[in-house]
């Protein structure tokens, strides 16, 4: 069984394991107050092209989202996001458990627009009884989205402009950020992203690490007391060095970008075959997740050899599926699937 | 600088790292739905001498405490614990952030008694306006406590009897459970502990693992839907295999107990020197944390060579300190400190 | 200016005020532990045709909803309701502030169906990763709905059957319950309602009282400790007698039903004129709220004389409005509006 | 049975009832957006000697406390108060249910000192691991306290100075504020109080009203969006006019102060008799609550004729009790008790 069901089916990048072994006997302080974490923070600041961002390391994505959002919102405010946003559909109400409503916007492909946000916020304030309604307090997007799509520089610029105009911090969930940055369709650098939002996170779990997400706080107003939030929500890892070590390894010589590229290339090979075969793509993804619409009999056959998600039924005889590649997907694995898609 | 400030200053046990490398290329399902986690669960059930306990793996202690407590209590209930309980003083209000008050009992050494709990609960129900007061909903203890002390079998039996009589689930925080089990003063097996509480957790972070805590739910009424709680609170690790692999390694041939024993032996060597020198011990600890009361000048001298906590001032010239050994503390490190304490 | 903007624009029914004056000098216990509250509870039990329901008095609707819902759900569960449900759109995230997601179902007229609930619940359990998704934990409906529509006995029976089958308590928000019971289209008695849900509340605020909502808990499993929840959420009125006195007055000789009838009759007069004029009704309401679609110029004219809500634009020249009558709307007020609608 | 058990055993002041009747037929907007509420706000601003305070009306004390505190604190912060503070002991964990820990200071008589607060806050920041501990985020006191004692101008000035220096908003629970202002031992005006805190509330429920508490926000930084908080927590009364009408009546010609004086005079008559008889007073209260230590046999005898609280046992033969007078306690009621205390 070859797994295309997610991008966390394998272990960690071997260089990370080597680094763990190398440093294992050294004693350090806990809670990311160690030299490896400090160095990793420095490397990330460099990538952002700015000395003035705060960098924190947390363990997982849901934890990161709930911690960041709890740190930004006031109790009567909600987080605006696409209907399909991860915080809305796949975190067991983690945001609501911190007391906040998720305010959804319709979206066909996982993205929301500057105009949608503007309309929602203006509509809120135009309502004479606005205090009876949850106040939009921030905007959450993911780059790439849960559907593999990406914001262009123009789209993100427009969105952030509206956010600033309306006073809503913009937070970018970058669980798969590397896969966006490595896409041939991408026109944004990490430094540009840091300049076009208030907070974002760089996902490690899905890109080579055992675990770990790096939160980058760009807006000075949101930096205060962030470590309290991490601790309160259970995200302050005692042996924080293991977070520092992993991000150090990923960022000291471009490993993160290099392995991200592999995932995208494999995914685009699969996409190409689908297009050749005339299978429609549910979303126009240029990242590591591909959503072709396949005949149901083909899906049944593929399921014997590959693990993947049947995303949604499309018509009586066809369903969309999700093939997810990762930093570790081999050319052989992708070619095997391509062969079988070619039929 | 030799570190006695905590039991998580080092990396992980080398056998764990070996096991990670060995299995790194294998693809598995996420979220602890993998064979390593299943095997680890089986090993823990065996140690508990029962097939009917549920075992879940979480990442850290605060996360585990807040998840377990949120899963047990109703909104109007609180968790009873010692004034010095970890959830009361060192988790940034994580329990309150889930909506629950921590109901404290005075304690000189970190332990609470069956009688104290009985009196609190009976006092609650005797109050004519009891609905104006938080209802005691469960009891939280740690074994060993934050002060290194331990519950004996007789004490735990009495406490659990009161808990059952009053309908309050008993939860044991075993962040350092191995260090209690390895103590010469201990008279409880893990199977006995599983029979004397409703839920407990076996700490990995402080005993050889990179991270990880194993929650054991003994009371069938508390098992339902526990994975939802883990996910909602951000504790469901995507690459859950890394949790399974670590607990498998720790429990497949007694490694956990063996390395716990090392920490306790080193700690008792330090205790012995203190007693020889006539330094009083703030708490009567037979586990890996020792709290001698030392002359302030000696503390100053020791601080140049060792990292440790100055716990609290005792009188004008003396303070209690905490020396914390770990599974990895060497005989040489302990002897160096012993020498310097001998003066 | 004549107000049709809501059903709480006037004071209280004069008989309530008389009763307050009559009893004002008498000393009683607080917190609804007084003889008036006891009597009111007895009257409500009689109306429900059952001795075994628990009756509690709270002050307002949002308070009642958040208290009842917090008392029913576990942290990982959400309340299922129509997209237009009051808890979803007009309570400033009160439910989310207690930690719970509101799980919405699409609805054209404010009602949801047994089939919709069944499908949602079955879909939840069919999802292999259901623990990543908020678990449907209860169903919330309002009778009549926020759109003036009502559930028939057949619809409510079908809904409750699914709820019981799936283990989801059904809660009915009866902020305007009297206006449903008094409708010529109604086929449900209060006793039947009590038999077709787990909890419901009888609204006082909108039907003759100064304030006050009576919660009726029919399901024995949901009765425990409810007074704690009321107190914790700030709803336990110190001078609880004022709640008891009002419900006693409303229910001792049918006042509640009599004055509800007035509101519905006035509303149906307005409806009749609209139909005569050929104005479409946005929702098919047979209760005290009417939603005709009117020409915008007519709306502008009416706004000079009447207070009412412009509900939503329908096309370039027309908008739906809401006319809301109350227990106190006079024939003269309704006729004045009818005249002006007749044009 | 004459009731001295609380100050909310009777109805409302007759002038309030008259005013309700007078205005009952008039239609107004809801949610305190009516002319009576506006006028009441104006009257309260005048009493505060400032145009720039915001005044909001809520229904009850616990509701007010939880709403104000939720509006001030960030998630990782707690409210500092006396161990005996109402929010700590008699609100069923309402504050914790909003996510915040109550940080208690020991107190013999219900008051806390500037020095205690200073020490706690400085201790917090001196802790190297302060992010593991709940951050003191505001200070809560009551005037008078739950023990009938009062802060002097000097004490309040010192406390507020420390609060401002440390950046902690000071909130005063004035559930019985009138009884402090009417005390012969008082040296503070309402205007001075408004200048010595960030937020306070003026209690109506316990002083002549049917219900109602007036929140005064003095610190501009805390005014924003407060109505959202009221609505979210269920405190925005639909028929808000009833709140406005009551506070208008209480404040338009000094009724509040006049009736408060009655309660204090009656209480001091009881105190005088106790002192004559040599009964020690548990707390040195010059307000409407008196806590004499009485022989147990006398208590038993009194219980046949009067309702009051047995506060706590003092020694084998004596207990402290609480006698609570109110705005409506008559001279005859107080004299009857005085006689029986005289023996």
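Going in written order, the chains are labelled A, B, C and D, and every chain counts its residues from 1.
The rule is short, and it goes like this: a residue touches a chain if its C-beta (ideal position, glycine included) is under 8 Å from a C-beta of that chain, and two chains touch if they have at least 3 such contacts.
All of these numbers come straight from a predicted model, not from anything done at the bench.
Colleague: Chains in contact with subunit A and with subunit D: which ones?
Modeller: B, C
Colleague: Please identify the chain with the largest separation between its CA centroid and the CA centroid of subunit A.
Modeller: Comparing chain centres, D lies farthest from subunit A.
Colleague: Taking contacts as defined above, which has more of them, C-D or B-C?
Modeller: The comparison resolves to C-D.
Colleague: How many angstrom between the C-alpha centroids of subunit D and subunit C?
Modeller: 34
Colleague: Subunit A to subunit C: how many Å between their CA centres?
Modeller: The answer is 42 Å.
Colleague: Rounded to a whole Å, what is the gap between the Cα centroids of subunit B and subunit C?
Modeller: Once rounded, the distance between the two centres reads 49 Å.
Colleague: Mark out which residues of subunit A touch at least two other chains, giving numbers and ranges.
Modeller: 75-76, 91-93, 97-99, 131-132, 228, 231-232, 236
Colleague: Sort out for me which residues of subunit B touch subunit A in the complex.
Modeller: Residues of subunit B touching subunit A: 1-3, 6, 8-12, 14, 17, 20-21, 23-30, 59-64, 66-67, 91-94, 97-98, 205-206, 210-211, 228, 231-239, 241-242.
Colleague: Sort out for me which residues of subunit D touch subunit A in the complex.
Modeller: Touch residues, subunit D against subunit A: 70-71, 74-76, 98-99, 131-132, 135, 225, 227-232, 236.
Colleague: Quick one: which bits of subunit C touch subunit A in the complex? Just the residue numbers, please.
Modeller: Interface residues on the subunit C side: 75-76, 78, 89-93, 96-102, 129, 131-134.
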